[in-house]
Amino acid sequence: MRLLLYISSFIAITLVSFTGMQQKQRIVFFGDSITQAGVAPNGYITVLGNLIAQKGLKDQYDLVGAGISGNKVTDLYLRLEDDVLAKDPNTVVIWIGVNDVWHKKGGTGTDAPKFEQFYNAIIKKLQAKNIKVVMCTPAAIGEKTDFSNELDGDLNKYANIVRSIATKNNCPLVDLRKAFLAYNLANNAQNQDRGILTSDGVHLNDKGNMLVADEMMKTLVK
Amino acid sequence: MRLLLYISSFIAITLVSFTGMQQKQRIVFFGDSITQAGVAPNGYITVLGNLIAQKGLKDQYDLVGAGISGNKVTDLYLRLEDDVLAKDPNTVVIWIGVNDVWHKKGGTGTDAPKFEQFYNAIIKKLQAKNIKVVMCTPAAIGEKTDFSNELDGDLNKYANIVRSIATKNNCPLVDLRKAFLAYNLANNAQNQDRGILTSDGVHLNDKGNMLVADEMMKTLVK
Amino acid sequence: MRLLLYISSFIAITLVSFTGMQQKQRIVFFGDSITQAGVAPNGYITVLGNLIAQKGLKDQYDLVGAGISGNKVTDLYLRLEDDVLAKDPNTVVIWIGVNDVWHKKGGTGTDAPKFEQFYNAIIKKLQAKNIKVVMCTPAAIGEKTDFSNELDGDLNKYANIVRSIATKNNCPLVDLRKAFLAYNLANNAQNQDRGILTSDGVHLNDKGNMLVADEMMKTLVK
Amino acid sequence: MRLLLYISSFIAITLVSFTGMQQKQRIVFFGDSITQAGVAPNGYITVLGNLIAQKGLKDQYDLVGAGISGNKVTDLYLRLEDDVLAKDPNTVVIWIGVNDVWHKKGGTGTDAPKFEQFYNAIIKKLQAKNIKVVMCTPAAIGEKTDFSNELDGDLNKYANIVRSIATKNNCPLVDLRKAFLAYNLANNAQNQDRGILTSDGVHLNDKGNMLVADEMMKTLVK
């Protein structure tokens, strides 16, 4: 009798805490310097948290930043276990690709087949643990709207690869490159290469952080 | 008396040949491998010659190819005297830029300020001799129409530089990049990277040679 | 009775084969195209196997090739589990670095800090399973002896990194770069860039395979 | 009579000034940022001027700096007429090559055949005007003595090209790369990459300026 009692009370407690875990979704944002800055006071992760709070859903989401400056897709694969799996997330938002293209200029970018191969390996490991994967296209290296930013061609190519990987793996896609271009077409009449959504063509200014938070809200919170 | 007679007959002959020179315009096509192939049987210079002949203007134009494979704007400057000025042209058509962008991938392209500096130096030397300069934008490195050819961004940037130099120097412009894109938007529904106007994304196939000849005809022969 | 008999005979067989497993060392050679070619009839792994057989030690070693063309250190990390750990090796010989340097020319090499970071991550995972790690310096990209092969500086730098990692992790080192230079100083009086130990400056010819097998023999078989 | 008198006095004056011109040798130093800094108070051209003055030869030499930051061999060719020929020199000291190699990292270096082609074109134009050409090997991009500076291989290759061009054109050579290495082998026991003859691996510190002035003195002043 005693033994049974103990068991039943243990189950009860477990159920409660298990219910609690289900209610609070842990979302890890996995990326590069843009995501590293996302947890700053005006960063997109902070802004997203505020948007969630405004909807009265603060208790349901736990947002965790996991961005490191200079990261490429290979770096994400390297630190997947320590920086993501160890945090036991429900959802992982992957936003990578700018450095894979950009660093080619200095000789150490990622070629397209390897970009796809490492990206797929990350998704496979996450999905094997029933973690939901949300993917983002790399947004911009330069904000000119006539595709005359030096790396536009390659960045469009890698954005296409991300879209294709998302489709093949049934991952929701936050198409930030598309959203950035649309915003710039409406708000960057002088074809400037920075200063609209970014401070330097790549890293987000306040408007950029708001746009990203808005776009992610649509996909992450329903 | 005899001396005077000789002199007058010399003048007469000179006048005749001088008139002949004025009637026959010599046009030198100055560029890279695309122009080097332009004098082949189906090459754009040959096709242009045929178009001129069809108009009955064969006697008025002398078309001279001066393209060398792998050339960048610095190479044109290096061989300007031997390969162009020595031929005493009325008009020089400059079509350069693909290798200045492309060769960056192997470490030996031309940076944008130097591209402009050497281009201007060439124009200055030609215009100092009252030679008419016609400029062409680099057409394509890949024929995809969504600007996802790897080098589209940089090629758009250098095409913009060429347009700007043409405007500043009052040079007629044959905007081949614009013409190629328009043609591909109409004829490359599957977004292929080659096979529409080029054999390999860069070098002209028969349709490409015809399009280039047509575009040049509009500017060169009036 | 019967059941017991079966069990005991099963145990006996298992013990024998377990002893056999302990005696037969499995060595996995983990690398790039040079190692991929190592299992060919004249390849260095095959030659090493012959040297071992000549010593009458054939039953004690099981040599397994795990080289893939174009691999860099990031690729080794990506396929560590499937291609190495799954084979349950006693020893892993890592020979990597040529492509990490070479591919910089095309924009997709590995920068030095990342090279070290991924290399260390591989060693950590192997040593955590008590697998012995043997490291090799990248041998050559060009065989000239006056250090005027285009990539000599960077390859020397990465060879130094490999030596440093080996020291820090107590890994035996097969210093192939040192051995190649010594051999070339003695046998390449005309300062040729290929044809002494390699066919193309990188990939081994018969003499190169023999030298590598000899050098590895010294470290692997005692 | 009057006319004859005028003529004879004109000849006399001319002879005097012509003699003066012959005595004062004009040497133009043609190069990149290292030479641009050469005319600073501690720069190598200034130091060389002081060494000449110490020998009591101040009246015999006119040293002119013509270095521009970032220059490669193509840039020297571009500005040869304005910056060198216009100064009517007796001797031109060419010191170029560091940026031709270094800028490859950013995609805009000079490939080896073009380096040789432009260099030869410069020499040809100078020698056609009976100007003496003195050549210098590029000294250093990093001062480590074990050839593990990243670009040592390529810099050795281009130094070899410079040596070969000098021999073919009978130009005196100031082998600064050789002199720098010898000095570092004697004075850089800790294998530092800067701080011995340079401030940053490339640009000269005081000791570097003195060494360069000494080496040039040997060749230029006899």
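When the chains are written out, they are named A, B, C and D in that same order, and each has its own residue count from 1.
As a convention for this text, a contact is a pair of C-beta atoms (placed from the backbone, for glycine too) under 8 Å apart; a residue touches a chain by one contact, two chains touch by 3 or more.
Small disclaimer: the values here were computed from a predicted structure and weren't measured.
List the interface residue numbers of chain B and of chain D, divide the shared ones by all numbers used, and answer same when the ratio is over half, different when under half.
Counting which numbers both chains contribute, over half are shared, so the two copies meet through the same residues.
Report the chain whose mean Cα position is at the greatest distance from that of chain C.
So the farthest one, by centre of C-alpha atoms, is B.
Let me have the rounded angstrom distance from the C-alpha centre of chain A over to the C-alpha centre of chain D, please.
So the centroids are 54 Å from each other.
How many Å are there between the centre of chain B and the centre of chain D, using C-alpha atoms for each centre?
Each chain reduced to its C-alpha mean, chain B and chain D end up 37 Å apart.
Roughly how many whole angstrom separate the Cα centroids of chain A and chain B?
Centre-to-centre distance between chain A and chain B: 47 Å.
Listing for chain A: what residues touch at least two other chains?
Those would be 105-107.
Please give the residue numbers of chain C that touch chain B in the complex, ascending.
Contact set of chain C toward chain B: 105-107.
Within the complex, which stretch of chain C touches chain D?
142, 146-157, 159-160
How about chain C: which of its residues touch chain A in the complex?
Touch list, chain C to chain A: 74-75, 77-78, 103-111, 114, 117-118, 121.
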